[in-house]
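Okay, handing you the structure first.
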């Protein structure tokens, strides 16, 4: 692809090319961020629908809305979709759009690698969800070959002996594809944050959202290889008949649990840290004062990331690892509650003495803090192994992680959406609808998940498609179902707000009068982000006198700016990888499987070489 | 709007506290509406776990009230009022940071000490004279073996009251988790490993429980009961289980049922004797031991009551009752079903 | 990789590709770390099939280890040659490194075929599964490395690998040395530390 | 972080060819020792620790000299050693949990 001609100083910056081809070949971090956001929110709605059907089925004891097999597929896909296809990519949407702007860069370090990450994510998500519809290709009816082994896919239930169908093959190959997307993005953002900061922006002057994203990327880069190996073993067991998790041959089912949770716990910090970063940006802006204890909040985030590697076996207290291992992991899990608590206190410290304006971003950020307190406390309650023996695998744990993931991450992400919407689209979402959305979600969320503490303590295990009336948890489940419906309505209000706001008043560069660098450029920013790369003198450049030079940025770039063109090769490489995956899916029959896989491999290799030798100047 | 917001918020901690307390109050006074409650232990170890849980619970409530109140108070006091004070540009306060780092650390230690102590209390090694029972998880039912007494049963675990018991737990296929909440926390049943639960049931009662680790299609239907009997009753039960229940030859229906049970069907796997053990008749091990199925209160791992209606429903369509069940749909005539119901019912 | 980027502003003065690649190598430590941990955890747990003593050939593998060590030396000399702009020696050392890598793959192919012949297949036992997966992953990395080196060789013959492109060779070198270092660990962990007792000497 | 605008020429403080040959010789010697120790039955008891130390030495030599970690910016050390430390901790942790150590 020819690179875009360099603009002559007098002429306005080159208008971003339009049309489908420009989107398919885009390497602009802002467009990739929008693509991530739209795709991830679509999958978030799919995951939400799956949750609604689950709640309708559990609304009453002995319900027959869905069969056992269908229910197992629904809860597996709800978990997998929400973790891998909704929350992580929604965070990635913010990484893509906001990090380069916050550190004063024109784009990420490797724009084409960035596009590659998105396309692999999109195709991986479609591959995984195609399992709902392609049953007939496997001689089964539709809605019967979606993954059904749980988002955790414990061995040896997921072995070919106990899960013979293609269900788990979709899950296994889908996860490997999505792993590639996350890893590629991880290397890209670590390099971007290290190497493309504006002059004067030392690490301790970086915005907290970028800091938390930086820790998140290190967790991704170190955690995903472990689950990749765990899933490789499962793939080899299922495709070639190796004996990694085959108990008869000496294999150990606990190996999967260790490898999965070694990834699993850093994964949940990958899910929460970006939202914590967003809250640490929103609270100061709407309290009209700096974040309380910036350095402490940053170091707490780093500490959470590091200690996050030492807690994984608290998911395995009922396995009986022995009192010593249980004590060690209980201690490390409780230790991690301290920096998390410190972060919460620092947020309250930020609010203290502020001039609090409860605009929608602030509502969701405060909602995050309030609900995350409940989630954090209920988490500590089963950090103690004996108590966990009663709580693990029950709805008490479901309540805990929904308070932390829905009350926490989703509220944080909505705070981010309302906060940066004007920067991304140039128009602000309506306040009134935003508040309605918040209150519906806040009440709906509490109605859904608070009763789960009780159904869990009263002995309702997880992942059961039905339960007897004698259990005494029917009312709690009914309330949860009503809450889920209400939360669904809240999502509709948000979509309505998105539609209605398309023609709102144009929001200027800094509608919230915030402090960080992304608010120094126009809304939406030009394709090259900053007419001139500013020099930063302070952690809050727009609030401090002389915090940023030149201030304000010149409207037209004084010198010609090179804007890299598009490239089709990231998409082609992504297609190649997914074709290999489709080949893997047909492992029952040798030649079609080998043929498809080799074709995919060929496409991938050719695309990589084209990508490598394409004239492309960053 | 801000005022409505903060009023709604001011109510939430007290509302939450109240709602949190209801199950404790409710369960304590009414019959037993919560058979699988984790809050009503009926064994020494269960009480130790419950005591630890309550200790942590009250710490949690205290932290919840303090922190949420601090948040709500801050939201109300510093909300933007027309003509109100500007925000104070505070950057941090080292002393405050130290205090609210040490405070949670102290609470954590206050929880960690009893936790570690209880961990060693519940690590699953009973006294040497404890009753040894092997618990084996299958896809989707429980098998119990009493090696000392030489008997095997399914889904309903009989235990003597007041005597320590050690359950050696494993699985014959995938991972399950044995859990009778009122007696002890759950312990995973894993293929290729043996894990243990040790406890002493306090009082005579029937305790409900179910599998707590996702194990496939009918994970929800893999229920269990622990029937704690007075020592004398337990001895009688065990003795009864050891005998071969004689067939009452005067009952034509029972004899027809025995014939139907022994009948080799087409395909062979549909014959009862291939999968089930019936003392003196057959030795199949794929399905539960039916030698004394008549003495159990439920069948199909707690799904159906053990009466003629329940037995008939199960025999007519096992896959409908328990999705994915390994027991196939056998084409039985109504007469055969009636005969089998009588015969199995007589296996007391 | 694409030709040197226009000198543009970086916070550390280092090339982004080198930072990204060191991060990639760090991530690969976790990949091979998990594979090695699994091999060690499963050692001695196979219920059937040949054991390490009956099948592993230490002399042969020592030679292939030496071969890979020498390829690392050739790689470093290739980089030095590119930086000097010495086209001839660049091509000699790049070709040598690729050749030594190919020889290593030859050793491994022979060893795999020999093991299967001796009754240790990929699915025979835990030892078979873990051994072939660990050494197979490493072998695949060596194969990619050889392709990468041959690509650089072709670029050199096309005159597109001048001193300004030294970074491309340096990054290929980082990859190659890392693959060599992983083999150093595998050689010790798999071949030399055979915890199952030695047969009577 | 030092402020540089130009892309610093890679490896300007790199080692000379002679160093590389010396390193290659040392690596070869260590490998010979490793294999030698393997064949000495009396040393069998302390075989694992010695071998780990020897391979760690080779590891450090290659990473330090051939991969330039010793000469290059400390950032590369951080970005490599932090994940390496996690990998080692994971291996040791799993060996304890599976009672191999």
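Residue numbering begins at 1 within each chain, and the chains themselves are lettered A, B, C and D in the order written.
Basically, a residue touches a chain if its C-beta (ideal position, glycine included) is under 8 Å from a C-beta of that chain, and two chains touch if they have at least 3 such contacts.
All values derive from a computational prediction rather than experimental measurement.
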If chain centres are mean C-alpha positions, then the most distant from chain C is chain B
With centres defined as CA means, the chain nearest the overall centre is A
Determine which two chains are connected by the greatest number of contacting C-beta pairs. A-B
Hey, how far is the Cα centre of chain C from the one of chain D, in Å? 14
So, what's the distance in Å between the C-alpha centres of chain C and chain B? 51
Cα-centroid distance, chain A relative to chain D, in whole angstrom: 35
For chain A, jot down the residues that touch at least 2 other chains. 190, 194, 199, 221-222, 226, 251-252, 254-255, 262
Touching at least two other chains at once: which residues of chain D meet that condition? 1, 3, 75, 79, 82-83, 86, 90, 94, 98
Show me, using the given definition of touch, all chain pairs that touch one another. A-B, A-C, A-D, C-D
Within the complex, chain D is touched by chain A residues 190, 194, 199, 202-203, 218, 221-222, 226, 252, 254-255, 258, 262, 309-310, 313, 321, 325
Where on chain C is chain D touching in the complex? 4-5, 7, 9-15, 18-19, 22-23, 25-27, 29-30, 32-34, 36-37, 40-41, 43, 58-59, 62, 65-66, 69-70, 72-73, 75-77, 79-80, 83, 166-167, 170, 173-174, 177-178, 180-181, 184-185, 187-188, 192-193, 195, 198, 201
Per the touch rule, the chain D residues reaching chain C in their complex are 1-8, 10-11, 14, 17, 20-21, 23-24, 27-28, 31, 34-35, 38, 41, 44, 47-48, 51-52, 54-55, 58-59, 62-63, 66-68, 73, 75-76, 79-84, 86-88, 90-91, 94-95, 98, 100
Name, in rising order, each residue of chain D that touches chain A in their complex. 1, 3, 75, 79, 82-83, 86, 89-90, 94, 96-98
Listed in rising order, chain C residues that touch chain A in their complex are 1-3, 5-6, 8-12, 14, 16, 19-20, 23-24, 26-28, 30-31, 33-35, 38, 41-42, 45-48, 122-123, 125-126, 128-130, 133, 151
